[in-house]
């Protein structure tokens, strides 16, 4: 039933995209879908387990650059190169996870933050291979599925939406699976979870790798859609924070939280750009202070706010009901 | 209902409090007068620690009053009781393990009213607990269990308190060490120090105490002088849960 | 040989700046159990404060620039108080995840605000200290970094006294170990937090003031220092304030040596590898025995 409904929404989303044409709206929708997908992937580990990754852009950049370098230097088809890229991102996650996830405390957040800085430094250090700070531009002349080259933007939209749906269903499945229960148990108390026989470190590393892998898949598609790779964006702190913000803003406890967060974020971002322009630091300032405001106003996100408002309304009209669990 | 008398040091009236909406103390009445040693006895989970936490403002009172020399303590921040002359010896080992023995003692004199007499009080404490003297420079974590308990009591005395509250000072100590701790408490008592002593070790506590309260499930069920409480059958009931 | 010595000295001097930044981070982590991801932005804001003041006029003389740079450190202490009172005090109840995002958001917001207010140009106030150097044998010692290093050592000694001997220090260490117990002893934890936040931000601001003569000011200048400082506090041991100094000096030298023999970009990677190795082999940190101390 749930699957059927999701399928219907998916078909509807695709149809809407195709009738909307190739214009600005579809571009925005594609970017939103990718952002939501990243947020969803981030949430799968960081949101559900409470271990905040501040370096998901490391996985974005690793996957993108490995795919691009294989493609541009050695002509490996991006579809195949993409697998290598995603594999490398997962391997990086496994390394970081193995070193930090068995420890209590902020080690994980610090390690992920620094990992993105290292990936950026490495990209900049090998300009012959990566194009350095000026990035990599891809010129598309024809459609080639194997090269992820499509002249019609709607194809990317369709891919992005499909991936988003697949990821959301996967996250839903994970939350209900044994892995999901383990993660939830770990979030409430690692000691209790360990005492109950959960391999805490192993579960955390596995979930983190899954999160990094899903992020990487979205990234490869995104960069071919953009046709351009800018290392300072793809491996930057800003992107990492955007990814975390989207999940957090929507509500880490809600399945559709990242989607809600991504839509809200794109609206704010577009609005801010229209008002003051994208450059000059405004975007960064708005993003940063938006995070601060989001945390201070409702640390459980927009969905929690909506639920709270809905409950208040129901109570006002005399319907009691279940309330949100306390933090 | 006892009324406030000029000679009262600590006066708790109609105190109710609890955790997560569940009431644990159901209207406690308790008085300590200057120079007195008062015991609070009761089985596991009776609410003794909760009572001390409420007095120390660690735990907000839901209703009722806690007065120190007539001054209301209820609603004060948790650092206030120390400044007003209450010292607290928590349940279990309450040492600051990463600080040295000397630093632990010095922190006992943190309230400004105690700082001026820091050196005098330090000498007094070391005279009371000679085993601490050679270990002043060591981390408190290195001390044995009994020495840690001495350190915590000594730290409480560094504030030259009007009233010292002790939560099960004999917990987990060998009989010999318990004896040492209690003889120190007896010395304190004879010097005129007011003491509020929470214990499960009834015989030790009642040897020291002038008066006692017996708690059962958040209520005072017996109170009075030492002999009266010892003779009361409800004291045994409180422990055996009959 | 002289080349190695030179790069070790350069690293040691820059390490003093890392030490100042790392000390504040670890102080805040030890006492408040909070990693302040916006810590680097206090360094940045301190630098901009100095640049702004220098724009109004720099006292004459060789050391003139320091007179306008140092007030920035005090301003940052005030800013630290404000951030604690407005944000961190309330956020303490929100849990670790929310606190991390809060300070990260603050970091990004402050970087953006700096760019909006001051533009993204690299600024350097012209001054005689920049480029001045002592020559000892074959080795050159730049005056600016030398002063920063010397001040860092003096501040380390002052911090050792403050934490070890003063009432504030004993209270802060008590709060770090057991906040409820510390309060029962009469310590007002909120005041300790406020002073900790001010001190930490002030140390970052001081680091910014000390590099003003020879380091460019730009909106994300804090990041390059704070990331090394993050790694330094983990390598030294989280919460260990004086260990953080050793961590900062060590990473300064590792960075300088890898930068001179390989490349500056690769030095970040080298430090990161060291960081991962320490986490795998000695997670409590190189300079911490067992218990977490301040």
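General observations
Letters A, B and C mark the chains in the order given here, with residues in each chain numbered from 1 onward.
Everything that follows uses one rule, which is that a contact is a pair of C-beta atoms (placed from the backbone, for glycine too) under 8 Å apart; a residue touches a chain by one contact, two chains touch by 3 or more.
None of these values were measured; they are calculated from a predicted model.
Measuring from the average of all protein CA coordinates, the nearest chain centre is that of C.
Should one ask which of A-C and B-C has more C-beta pairs in contact, the pair is A-C.
Averaged C-alpha coordinates give centres for chain A and chain B that are 54 Å from one another. Inter-chain spacing, taken between the CA centroids of chain A and chain C, is 31 Å.
Look at where the CA atoms of chain B average out and do the same for chain C: the two points lie 43 Å apart. Put simply, chain A touches chain C in their complex at residues 46, 50, 52, 54, 95-96, 98-100, 103, 105-107, 109-111, 113-115, 117-118, 121-122, 124-125, 237-238, 241, 244-245, 248, 252, 280-292, 294-296, 299, 327. Chain B contributes residues 56, 58, 77-79, 81-83, 88, 90, 94, 96-99, 103, 106-108, 110-111, 115, 139, 141, 155, 159 to its touches with chain C in the complex. Within the complex, the chain C residues that touch chain B are 167, 170-171, 173-174, 176-178, 180-189, 291-294.
The residues of chain C lying in touch with chain A in their complex are 29, 35, 37, 87, 90-91, 94-98, 100-102, 104-116, 119-120, 219, 223, 227, 230-231, 234, 238, 263, 265-266, 268-269, 272, 275-276, 279-280, 283.
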